[in-house]
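Encoded as structure tokens, the structure appears first; notes follow it.
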Amino acid sequence: MTVFDPPIREYIKGGGFIELEEMLGDDLTPARVARISYLSKGDEEANRKLLKKLIDLGHFSPFEQQVFRFKIDGIPMYIGEQLLRHRIASPLKRSFRYTSPDKGKKISFTVEGINEIIHIPPELLGLRESHIENKDELLREMIEHFKKGIDLYRKLVESGLRKEAARTVLPAGLRTTLYWTINMRSLMNFLTLRLNPKAQWEMRELAKAVARILKRVVPLTMEKFLEKEGLEKYLHE
Amino acid sequence: MTVFDPPIREYIKGGGFIELEEMLGDDLTPARVARISYLSKGDEEANRKLLKKLIDLGHFSPFEQQVFRFKIDGIPMYIGEQLLRHRIASPLKRSFRYTSPDKGKKISFTVEGINEIIHIPPELLGLRESHIENKDELLREMIEHFKKGIDLYRKLVESGLRKEAARTVLPAGLRTTLYWTINMRSLMNFLTLRLNPKAQWEMRELAKAVARILKRVVPLTMEKFLEKEGLEKYLHE
Amino acid sequence: MTVFDPPIREYIKGGGFIELEEMLGDDLTPARVARISYLSKGDEEANRKLLKKLIDLGHFSPFEQQVFRFKIDGIPMYIGEQLLRHRIASPLKRSFRYTSPDKGKKISFTVEGINEIIHIPPELLGLRESHIENKDELLREMIEHFKKGIDLYRKLVESGLRKEAARTVLPAGLRTTLYWTINMRSLMNFLTLRLNPKAQWEMRELAKAVARILKRVVPLTMEKFLEKEGLEKYLHE
Amino acid sequence: MTVFDPPIREYIKGGGFIELEEMLGDDLTPARVARISYLSKGDEEANRKLLKKLIDLGHFSPFEQQVFRFKIDGIPMYIGEQLLRHRIASPLKRSFRYTSPDKGKKISFTVEGINEIIHIPPELLGLRESHIENKDELLREMIEHFKKGIDLYRKLVESGLRKEAARTVLPAGLRTTLYWTINMRSLMNFLTLRLNPKAQWEMRELAKAVARILKRVVPLTMEKFLEKEGLEKYLHE
């Protein structure tokens, strides 16, 4: 268990970042606590073996004893919503009932400036291959549309409309930020589903960033888990 | 337990509706099953008394034995996301990774037509009092902005962009639809939080519609619960 | 969705039974509701195909839409406790804080009479092969010990001790009864873990009884699920 | 967040103890993370005020960000089972499928020796007032009965019976040990239910020990919570 000061940060391809702020338990905690079933004892070497065995046998409940608090910043709202589907977790999110999209930062209406507050598809930014030909035109229209949306939002709020209702005109790709406290067992399920090529590109990039952090703080657990589930290959796509 | 054919439908003020399709248990089921603790028996009259007593004493676990499957249609995405915060529930939602906003219906760019697929604040529709003066102007700009967003979305998709990424330009108030299977205990928590005046107007209207349906199918449970929590008054605001 | 009147009962080898009283949804409900993701439609034949596909792809969330209320009667307390490990479920149990072991039934101190209220290992009853040689002697001592425990319990209670504390002298194998409301997704996890030869014999017999009931009420779901997980073979051991 | 080395231990009246080994977050973490909703900032003094306000308003979700790993040693099995009713938690328990009651310790058949491995009601030990007159006789019979149970258990196991089945003759009050990782929100619910005079005496003593530890590590949270729920008075009964 450690407080990470500064937090361990990984950038998410396409925009945003994730930070690990704090962690309960360490790499071998699942093995140590699992010994309670048999009242057995073991040194570190034995615990390393037991940890691998737990994963091999699919005994995942001891991995609920590793708990992580992440801060995730700058993910599109629809990715944030997908995170909420993982019900064995404790999220706390920025609320657009109370905050304007420009709270705390001045918006610059350049491609880069916009991408900091609203998701721009990686295909248009040259971060992902595609056959789209009219990228510049689409990008220009997109920026313009986002600008109009924010202008309209401001006008609605100035006219006296509730922020929580005015947000109806904001784009679905608005970036948000959240705290996410979740245990390793639930994260294993998250990684299996979200590293998979069937997951949305934006979600996979978040999952990869999560995996990169976990490989640093629970390396043995991750090595064995990724190997067993055949997920290692997805980290490098 | 009953299949409701046709489903019990309640309209949500501001747009959309909710239907109860099916229900496990009935109004007195919590009392009947709670008797297992003491291996006691009771006739219907005794069960009615016991049901009230369970609520009075705050013994809510027997209310997990009443389970409801709702279909909710036409709520703004941010209200849908708020529903996901209730983790003791089983939601299944329409996915905008795969469906265009106009799937299954032709969009008409009138106020009424737009409000069927994108949330328009009730203040602008005259459904809720406000001091907003330039309603017509705001409404016109809003419709125009929504139209541009949908046009741009179509253009992005036609250019070869993934639907799941193109949705970044769609408005946050896009309406969605979901199945929601949830037990009465979790619904009690939902009603306490979401009928409260601190909840967003749009969410409160959904909560009221839920309450209206429940009053029809589990009347005794609801009467006692609303009374105990002092929620009845919120149903008529 | 159906109320089963009379309930569908299966006896558990070794003692006790399980009954399905009521069910939300039917065999094809997961397929029907899953169509909401794509807003697609399909006839019954298409739904049968989709159901199988959902299981093949490991898309289990739609199976939360099938919910079952079982009554389980006569399982040893330690098996009851193992059931509580399945946290995605709503159990309601007889409480030995309030009920004496003989509440509602006169205890007969024969092997058969005792086995109705306290678990006797199947090896001693000839229900399971073993190399135990002194069965009769062990059985006799066991019955005698159980009798003394119940006598002592009665004496403690008559002396004024709380029932909830007097139970300390009751045997761990005392049989209990509970309601258990649980969805199919959670049951799938239950079956995978509890049909497995590593599970305790007594638990496996309960799991088999659950499986026999489910095969009758959601036959297509079970056929595909058992096949995919390779569990069919365990039903006949 | 802290690793407690040595752990913070509190003894449970009647037998056993509970230790806090590790903790995620600290007393003010809920306030700090809750600020994400509004993207607000605050110094420590402001966070102390916010923490109290969160509790006053019943905003408990930020308290999921405080997570505790306890080790609980020596509670009767039926109290252990009651702990499992709290489903928002991660327990890992000693298994009597695999361990004999005397694993790791020699049993001494004195009152004190027995009470270390099997629960003896506090009324008989003079720890709790009662009108029971024949205490010595009851205590003697109880010890004798426990001794016979353990002898019979050993005989069954030596005859070749599975430990998991032989335990049927062990007393229900056998003491067990578990790890229990649980967040503060779930603990608040635990304390409200289990400090209450309606809870079993043995459970209340455990709840008091939990409360004593929490008052040391999250004093502000506990002070406000106990005050709001009116629970302080139960700690001193």
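Remarks
Order of writing sets the labels: A, B, C and D. Residues in every chain begin at 1.
In this section, a residue touches a chain if its C-beta (ideal position, glycine included) is under 8 Å from a C-beta of that chain, and two chains touch if they have at least 3 such contacts.
Small disclaimer: the values here were computed from a predicted structure and weren't measured.
Among the other chains, D has the CA centre that is most remote from the centre of chain B. Sharing over half of its contact pairs with A-D by residue number, the repeated interface among C-D, B-C or A-B is B-C.
Per-chain Cα centroids separate chain B from chain C by 35 Å. In whole angstrom, the spacing between the mean C-alpha positions of chain C and chain D is 27.
Chain C has its Cα centroid 39 Å from the Cα centroid of chain A. In chain D, no residue reaches two or more other chains under the touch definition. Remark: chain B residues 1-3, 22-25, 33-34, 36-39, 61-62, 64-65, 67, 69, 90, 92-95, 98-99, 103-104, 177-179, 181, 183 touch chain C in the complex.
Here chain C touches chain D in the complex through residues 76-78, 80-81, 84-85, 87, 96-97, 118-124, 130-134, 138, 141-142, 145-146, 148-149, 152, 155-156, 159-162, 164-174, 200-202, going by the rule given at the top.
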